[in-house]
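There are structures below to look over.
Both complexes below contain chain A, partnered by chain B and then by chain C.
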Partner chain A sequence: MYHLFVEPFAVGFMQRALTVSLIIGAVGGVIGVYVVLRKRAFFADTLTHTVFPGVAIAFVAGGSLWLGALLAGIASAVLFTLSTTNRRVDDDAAMAILLTTFFAIGVMVVSRITTYTNDLVVLLFGRVLTVDRGEIITAAVLGTAALLIVAVLHKELVFQAFDPEGLRAAGYPPVLLDLAANIAVTLVVVAAIQAVGTVLVIALLVTPAAVARLLTRSVGPMIAAGATVGVACGYLGLVISYSASIDHELRFAAGATIVVLLTVVFVVVTLATGGARRLRARRVVTVQ
Partner chain B sequence: MVPALELDHVCVSFDDALVLDDVTARIEPGDAVAIIGPNGAGKSTLLRAILGLVPLTDGSIRVLGTTPRLARPRVAYVPQADTLDAEFPVSVLQVALMGRYRSIGWIRRPGARDRAAAMEALEQVDLADRARDRFGVLSGGQRQRVLLARALCQEAELLLLDEPFNGVDSSTQDLFLSVLAAQRERGVAVVMPTHDLSVAHLACGEACLLNQRQYGFGPIDEVLNPDALRAAYATRTLVTPGDQVILTGHHH
Partner chain C sequence: MGRGDSELDGWSLSSELRLVITSLRDIVESDLLRRALIEAMIVGALGGIIGVHLVVRRLSFTAMALTHATFPGVVLAAILGINLLAGSAAFGVLVVVAIWLAGRRPEVDNSTATGVVLAGGFALGVLLLSAQAGFSRDLTAYLVGSVLTVTTRDVIVAAVSAVVIVIVLAVLHQALVFSAFDRVGAESAGLRVVWIDLAMLALLELTLVVSLPTVGTILSVALLVAPASTARLWVDRIGASMVLAAVIGALCGLVGLVVSNMADTAAGATIAVVAGATFAVSLVIAPMVQRQRSASVRLA
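And now, the complex of A and B:
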């Protein structure tokens, strides 16, 4: 047991990988609850593509990739929020246009570079095993900022997700709340890039919260469950990936292992809760 | 006394299509007015205009002596329960508490006083014992009562109820009628679009008959006369056995 669960983290790079996975797991699990309740999973997915040109431009210009991703993410969050205020363009169409436009700009910038470099591969697939101290601190700062936003606006965000018309009738500014929530999601996406890359980050935002949704009946416990699932899968994903490569000579990318593990948990919980529901239904029928 | 609601030649149009044309009405505190008209008559649009959620193309609306936007904290809106997601993970008490959010303010969480107010409102609608249950497990009529409780604990001066009697059982209907009567005693004004003419007579002293333009406003018995109803509903036939007005005929 010790060999399997503790020993991998004796070495420095695994400790750093664990730290960043736990941060992203917890923050993704919490913010994901708002994404799932607001039915904004596709928006989160859109963001993972719209940060691409920011990173590409930052790379060409030799600036900070984090900063590039953050600026592009916030720009797309603002543009998306504003476009949804136009009732003639529905949200899906607005997201599709944003996603493709931003991604195209990224491709145009990248195509000017003759060699695809490691940094851009990291952007797409992440490289959790090589995070350094600075990157951990960046992820922690971005994650904390995201948590602060939802902590401050918690009751209004839940009200809006439940009854958007009632929220407007009560005199709240829905566009500002949308914008705040979308920026919180952006912060998590950018924070998670180094760990799992833009292709996989959506799983950390949606899957733990979806599992939590199946297991709980109110928002508070759902947040706790989302964070727990995110943290547990972040940790176990690293353990599995490490053990596979050291003990069995199978090379599983750590970030991808975390994502696959999350999906396995989701499927198991779906089957278990569905089975429990059917069992209860059958018992009621028998009693009658 | 400041009127609860003043509609002065109100016109609303969407994309050049006139939805409301020249609606004028004045509602005093403690009054209840039923907004009557066929589907697509502009009843919900009028409600949204009173909340300041749709722009007027002409005319003006004063709510509690001020603009609709500024009056919102003093106006409670009760949506139709079936427009809300029954799967949403929120308890009956949490829904009722939403009525307190504006007075609680940003950042702060509901306190003991807010919980007490929400519980008292739930007691008024006979659902205090269901406070901890999930909103979605309640019946349609019970959910409608929770939304009424949410409006009650807001302690508003104007209640806007969107089709409150749609799909509710008779016990919920009776409860709504007595709660609304008690609110009117306290000077709260009530505005409710409804399809149900008989319950409109029970709940309201006044009516506004609409189908884009206004076919009448005033005491309900005068406004809802067969001729006016026939004109407003145009294609429909009316039968009046005794003093009861029943609408039949084809939907378009």
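And now, the complex of A and C:
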């Protein structure tokens, strides 16, 4: 047991990978609940791609990659929020156009320089095993900022998710709330993307929350469950990836292992809760 | 050219123009570029046409998921040494089924189900890839596309598929539009709505597979959504917006290729940026034009 679950983290790079996975797993699980309740999974996916040109331009200009990603992310969050006010443009289409155009700008920028395929691969797949201390601190700071936003606006965001018309009637500014929620998601994406890549970010923002939604109906427990699932899968994913590589000579990418594990948990919970619900329904029928 | 710039203000514009003309001549004269141009315009037009249905049915995220979650199919095809596009097409069926299964519970809305499948599918591909040592060259082209390396066979496949897709869309037109706008009405009128949905997804998958060599996975979504959304800003009727979207899509292919040739940027990405820019400009201009038009109607 010790060999399997503790020993991998005796090495420095595994400790750092674990720290960043736990931070992002917890923050992603919490913010993900708002993403799922607001049905904004596509927006999370959009952001993971729209921060790319910021990173690319910062890379070429020699500036801070974090700042580049943050600026591009906030720009796309603002543009998306604005475009939803135009009734002739469907939200879905607006996100797809933002995603592809921003991403394409990034590809154009990097295609003018060096070996751009390399940078693309890192962006997509991440490199959780090589994060350094500075990146962990930045991830923690940005994650905390995202948590602060949803903590302050929790009541309003939940209200808006369940009853947008009611919120408008009660006099809250829906566009500003949208923007705040979108920026919270942006912060998580920027916090995570350098370390874990686009795919892991979208998985951490959607899958733990989807699992939590299956397990409970009330928002508070859902947030706790989302964070727990995110943290547990981050830890176990690293354990599996490490043990597969060291003990069984199967080189499983760490980030991808975490995502596949999350997906497996989602499938199992879907089946289990579905079965439980059917049992309960049958019992109600027999009692009657 | 450098001296001309400083001497005359108007000269810089006409030198730009000359550059465009040179670039166009390059394209027409070079076999490689001519093939690329034909392919880009076919894919652009096809994307525009089917994109109108896609946008009306809000399938953009599904298209995105189809391009990402089919990645394991591509990796498996590469490992087994079969055609990459065949692998991705086969996996596309699985993806559609997975999204449908994941979204059957009322607690899981369609967007969440799509997100879970997208991430899980793509990660499975990465996992398979990472377990195999040392191949990534083919797959980069798969992600961002390489229009300059399309073969005559690719062009023929694209053209034939485009014709087939347009014919199917024309045959199903009424059913597609009816079921998109009024699902319940279509059902009670005796249409098999689920079969229409599946037909639409099959056409979408075919379009994606055809456009992959040109613009890659992510940017093929650009050609599906941007020209169609641009057209919808200008006209209301579905048929008219399909024609307009086809023209816009083909023009985006043309302009994007010329610009990429001039500026030496990745072709697929440049086409996608042109498509996005066309949409952004229309988003600003179309309401102004419409306001003016309705004002002049009122005056008359």
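The working rule: the second predicted complex is superposed on the first by the 280 of 288 C-alpha atoms of A that agree within 3 Å, B and C clash if a C-alpha of one lies under 4 Å from a C-alpha of the other, contacts with A are read in each partner's own complex, and residues count from 1 in each chain.
Assume a contact is a pair of C-beta atoms (placed from the backbone, for glycine too) under 8 Å apart; a residue touches a chain by one contact, two chains touch by 3 or more.
Here the structure is a predicted model, which is why all the values come from computation and not from measurement.
**Q** A:161 in the overlay: touching chain B, chain C, both, or neither? Say first, second, both or neither.
**A** first
**Q** What is the contact status of A:262 with respect to chain B (first) and chain C (second): first, second, both, or neither?
**A** Only chain C is touched by A:262; chain B is not.
**Q** Identify which of chain B and chain C touches the larger number of residues of chain A.
**A** Per-residue touch count on chain A favours C.
**Q** For A:152 in the superposed arrangement: first (chain B), second (chain C), both or neither?
**A** In the superposition, A:152 touches chain B alone.
**Q** Is A:111 in contact with chain B, with chain C, with both, or with neither (first, second, both, neither)?
**A** second
**Q** Considering only touches as defined above, state whether A:34 meets chain B (first), chain C (second), both or neither.
**A** After superposing on A, A:34 lies clear of both chain B and chain C.
**Q** According to the stated criteria, A:171 is in contact with first (chain B), second (chain C), both, or neither; which is it?
**A** A:171 contacts chain B only, not chain C.
**Q** Where does A:213 make contact in the superposed view: on chain B (first), on chain C (second), on both, or on neither?
**A** both
**Q** Does the superposition put A:222 against chain B (first), chain C (second), both, or neither?
**A** first
**Q** What part of chain A is shared between its chain B contacts and its chain C contacts?
**A** 213
**Q** What does chain A use to touch chain B in their complex?
**A** Contact set of chain A toward chain B: 37, 152-153, 155-156, 158-159, 161-163, 165-166, 168-171, 213, 216-219, 222.
**Q** Which positions of chain A touch chain C when the two form their complex?
**A** Checking each residue of chain A against chain C gives 36, 39-42, 44-45, 49, 83, 86, 88-90, 92-101, 103-108, 111-112, 116-117, 120-121, 124-125, 199-200, 202-203, 205-207, 209-210, 213-214, 250-253, 255-260, 262-263, 266, 270, 273-274.
**Q** Spell out the residues on chain C that touch chain A in their complex, using ranges where they run on.
**A** Per the stated touch rule, the residues are 55, 58-61, 63-64, 68, 102, 105, 107-109, 111-116, 118-120, 122-124, 126-127, 129-131, 133, 136-137, 140, 143-144, 218-219, 221-222, 224-226, 228-229, 232-233, 264-266, 268-273, 275-277, 279-280, 283, 286-287.
**Q** Mind listing the chain B positions that touch chain A in their complex?
**A** Touching chain A from chain B are residues 51, 53, 69, 72-73, 75, 77, 79, 83-85, 88-91, 94-95, 98, 101-102, 104, 106-107, 109-110, 134, 160.
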